[in-house]
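These are the structures, in structure tokens.
Okay, so chain A shows up in both of these, paired with chain B first and chain C after.
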Partner chain A sequence: MGKFVAGKFLQYVIVIILMVTLNFLLPRVMPGNPLVFLAGEDVGFMSSAEKEAILEKHGLNDSIVQQYGTYLKNIFTGEFGFSYQQKRPIIELLKERLPWTILLSGLGLVLSTIIGVLFGTISAWKRGTKTDVNLLTMFMFLSAMPSFWVGMILVSVFSVQLGWLPVFGAESAWSNLKGMDRFIDIVKHLILPLTTLVLISVTSTFMIMRYSMLNVLGEDYIMIAKAKGVKEKVIRYKHAMRNALLPVATVFMLSLGFTLGGATVIETVFAYPGVGRLMFESVLSRDYPLIQATFLIITFSVVIANFLADLIYPFLDPKVGRHNG
Partner chain B sequence: MSTVLSVEKLSTFFRTDKGIAKAVENVSFSVDKGEMLGLIGESGCGKTTVAQSILRLIEYPGKVVAGSVYLNGKNLLKATDSELTGLRWREISVIPQSAMNALNPVYTVGDQIIEAILLHDNVNKKEAVERTKRLLELVGIDGERWKSYPHEFSGGMKQRVAIAMALACNPKLVISDESTTGLDVLTQAQVIALIKNLQKKMNLSVILISHDLPMVTSICDRIAIMYAGNLVEWASTKEILNDARHPYSKALLNATPDLSNSEREVISIPGSVPSLVNIPTCCRFHTRCPYAFDRCRQETPEFMEIKPGHYVACFLEEEQNG
Partner chain C sequence: MDKQKWKHYWRVLSSNKLGLFGVSLLVIFLCIALFAPFIAPFDPTERVGSPFMKPNGVFLLGTNDIGQDIFSELLYGTRVSLLIGVIAALISIILGCLIGVIAGYFSGKVDSFLMRLVDLVLVIPFLPLMILLAAFIGPSFWNIVLVISLISWASPARVIRSQVLTLKTKGYVEAARSIGTGVGAILTRHILPGVIPIALSQFVLAASHSILIEASLSFLGLGDPFTKSWGTILYYAQARGAFITDAWIWWVLPPGLLITTLVISFAFTGYSLEEILNPRLRKEQ
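The block that comes next holds the complex of A and B.
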């Protein structure tokens, strides 16, 4: 097991080195003035001394090898540079935005997986019945709706018409709530974006689970379990669902990697201060250092999620890995 | 000899988009204590449906529409769910078609055998583990391997595990449903020899479902031949070999190569099996039968005893006997 983990770890270290190097090289091979990249379009109004100062500050007058060394050092110390649009260090922005994204996208992923798995199981178990057909129709309908539209409908009904929930943001501004009150405030702000996220992403899990469960139910070992006299519930959950979950687990792990990238559309509709919206804003204002940093965060989290998946998968599927027990 | 299982006029139909598929119709046979019955026929003739009907495993869109299945005098088709749970695996167990898939890939083989033991016998986990090890040894697998997962075994070994599992609760009757499919010929022979050996040792009743006529004739006491959902002939192996009456049985024997007599020509059966969906009343073999006459196309021949213990469903017999 130790050997297996070490081997996998080494693989991912190599992937990360390649990735970081690419991230370093990309802006340097892109056409255009590096000054524009660093300081934005305002560069045209700068004096040559100011330009020189910027180049010097970012070490762009050093050799490429020296630049690479500095770049690596900066990444390890969390120094991602400066967002000229927001006039703040990028690391500060990320620290501020990441918790909200983890809350919204992480919870959204967990909830939609649980709901999708439960209904997928029921649907497959009752294949061809009214329950199955109704569930299928409902989930197909949900998946056909665009997320911004669902978000706007929810806002107009629950926030504007009924006035039950706040319209936007992650918590009330300038309210200075503490403890339980702040928690309730955050939950209230979370309900609509979370519901939207779950509604539009639950169908894929439902479909995968239903299909996978149907496949498993046709297997001989399910028939044998019935012939053995195993109770129906035990067959459904212990024998069938346990096997049918494997593809869902794979998809879950893959999606986990992308959660740190946030849910751009939903965060934008609800003006939710997550990484997705930060990225959207950075792209709009061509805030290159910020774009680069958010991309790096996403790639890191995808690699880490893959590594986790590699570690967890042998426990889910005995056929995979775990060579040394 | 006492009868362990008796199947009487069993019919199992499936609802399909095109109509009712009469997968099994009017099938009757019985199995004695310690007997090995070979149930043979080509693919799709309803052998597995018969097995699943006996085991009460037919599910929508299929349905057992008529008949009865008596296991030691108790009608399985009328048993309640709790009665059925009590009977399963203790009285009747199954080695499934392609036993390669009989084992759940995410649990150890031991866990799966122990599950059956703990469900039906009042023993603790430790005793169940001990019994599991003994069962594995019985089929020629190291008992310590009960902790292994199915994928850690070869095909033939999985087959043996499936056999060990079928014997876990000392059943009276074991149904082996083409359980050597997918194995190479040598392994097949070993597995069949193992089943025969255990059957003798434990005085089991076995229904051996197969399409391999030479194999069945070499180890079974009696043989039942199915064609397109009907039983066409049922007799002792000796009777079948020496005095097969049904044209399909004869054709089947002629279509099998004979190693001791290489001169004999192997004759295939022309035509193909009719669709079982909305099949009209007739002898289902008439489309391929060289002796078919008008009556065969309009009526279904009765499955009747033409001499003690020899049953045939063919109008030729009726005509001959007046």
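The block that comes next holds the complex of A and C.
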């Protein structure tokens, strides 16, 4: 097991190094003035002394190797630089936005896994029947819809036409709600973005669960349980479902990146103040250091979550523990 | 492939309702894309009406914020969405085939290195990476295609590799190797033909993913500003607040429905192809 975890760890370290390096190189190798990428479009109006000061500050006069060293040091000490559009240190912005993204995508991941597993189990159990075909068709359509469009339609119907839920944001502005009232306000704002995220990410779990359940249902011990006259519900949920859950754990990890990416688009539609929305804002204002920092934070989150899932996986699957132990 | 085989495929396809439905839809979309100038009532780039008009006899789906006909925009948008999807999928499948075949055939160190690379690519959150790249290299048709295909080759590569692993142990491949056939000849004459069916179904599935990704990128304002895709139309609808007015019914709903229909028709075609080309799967179902 130790070896397995070490291998995974090395792989994630490589991902992080590659992405950090890509981030370092992008503003330096892309055609155009690197100054624009580092300090914004205002560079055109600066005097040469001011430009020189920026070059000096970012160490652009140093050798490329030295620059890379400084860059690495800054990233790992949380020194992401300064957002020239929002006129604030980037790390502050990230600290403000990250909790909302974790709330939205964390809940989204948990809910879509639970829903996918339940429907996958039902679909496999009723294989070939109308229920199965209907569920399959429904989930295929769900996965074909653009996430942002689902969000726009939900807002149009539930917020604007019916007036049931707030249109945008994570909580009401300037309301000074406290305690329980604030909690309810936050939940109300969360319902639509969360629904959208679950709708678009539930299909992969459903498909894997259905497939894995079909395989398990063909096993001998299920036949034996049936022959012994064990109740159908007990076979379905205790014998079959628990064993079919393993592949879902793998998909859970792979969908982390998808969910966080999906959250980027959904946060944009609902003006939800998470990291994804921050990335969109920075793209709109061409705030390059901020684009890079949001990308790195999302990548770090995905990698850390993946690694945590890898640590937990052996406890779910006795086979992994034995083979690598 | 000989005539007999194609006849057989056609028989299976026509008995496969899902696949037939998918292929028919694709043909319709292709016709719309090809004949857009003849079907569209207006030039989508011209201001032909006043802004924010409701649907009427002249403008079937009303006009947008600068008075362009939304219906014509949609028809022309088919071209962009379809073209980006197909080209991006084509490039990622070619890359995927190349890497999958090399990894599968040469096994050992090359294989484990390439598969590690695939694992790496699959971990990276692809949409944020695409946003980053698109923001730096600038929005244009070819940049979008490039960015999508650079990320999407990984999972086809894995599928193709496992196909090559089975092909490699087939009698005719071993026979060819034992009489001293060169590696190049084995790959092109014996391995590649066996890979093509799987690559075809992977291509169709990749196209459906690429269309969705293109829509997301365009929606975030990273699409080509000169060629409006369905995603770009939705970007403007969002930016002008169409979804908080009645305009959502004719400005927001139709482009999304078109994207969904195009994606689902590619997906249906892909799954059916998989079923047709993989007899084992067919027997099971």
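By definition in this document, the second predicted complex is superposed on the first by the 260 of 325 C-alpha atoms of A that agree within 3 Å, B and C clash if a C-alpha of one lies under 4 Å from a C-alpha of the other, contacts with A are read in each partner's own complex, and residues count from 1 in each chain.
Definition applied: contacts are C-beta pairs under 8 Å (C-beta built on N, C-alpha and C of every residue); 3 or more make two chains touch, one makes a residue touch a chain.
As the structure is a computational prediction, the values presented were derived from the model and not from experiment.
Novice: With both complexes overlaid on chain A, does A:302 touch chain B (first), chain C (second), both or neither?
Specialist: The answer is second: A:302 touches chain C but not chain B.
Novice: With the two structures laid over each other on chain A, which partner does A:242 touch: chain B (first), chain C (second), both, or neither?
Specialist: In the superposed model, A:242 contacts chain B only, not chain C.
Novice: Per the contact definition in the header, classify A:158: touching chain B only (first), chain C only (second), both, or neither.
Specialist: A:158: touches no partner chain.
Novice: In the overlay, answer first, second, both or neither for which of chain B and chain C A:219 touches.
Specialist: first
Novice: Thinking of the overlay built on chain A, is A:11 touched by chain B (first), by chain C (second), by both, or by neither?
Specialist: The second partner, chain C, only.
Novice: Report for A:228: first if it touches chain B alone, second if chain C alone, otherwise both or neither.
Specialist: After superposition on chain A, A:228 lies in contact with chain B alone.
Novice: With both structures fitted on chain A, tell me whether chain B or chain C touches more of chain A's residues.
Specialist: C
Novice: Where on chain A do the contacts with chain B and the contacts with chain C coincide?
Specialist: Comparing the two interfaces on chain A, one with chain B and one with chain C, no residues are shared.
Novice: Per the contact definition, I'd like the list of chain A residues that touch chain C in the complex.
Specialist: By the definition above, chain A touches chain C via 11-12, 14-15, 18-19, 23, 26-27, 30, 37, 140-141, 143-150, 152-153, 155-156, 159-160, 167, 254, 256-258, 260-262, 264-265, 268-269, 276, 279-280, 283-284, 286, 288, 291-292, 294-295, 298-299, 302-303, 306.
Novice: So in the complex, the part of chain A that touches chain B is made up of which residues?
Specialist: Interface residues on chain A, with respect to chain B: 128, 219-221, 223-231, 239, 242-243, 316-319.
Novice: Which of the residues in chain B end up touching chain A in this complex?
Specialist: So the residues of chain B touching chain A come out as 52, 55, 57, 60, 84-89, 93-94, 96-99, 101-106, 112, 115-116, 119-120, 149, 151, 162, 165.
Novice: Inside the complex, what are the residues of chain C that reach chain A?
Specialist: 116, 119-120, 122-129, 131-132, 135-137, 208, 212, 215-216, 219-222, 231, 234, 237-238, 243-245, 248, 252-253, 255-256, 259-260, 263-264, 267-268
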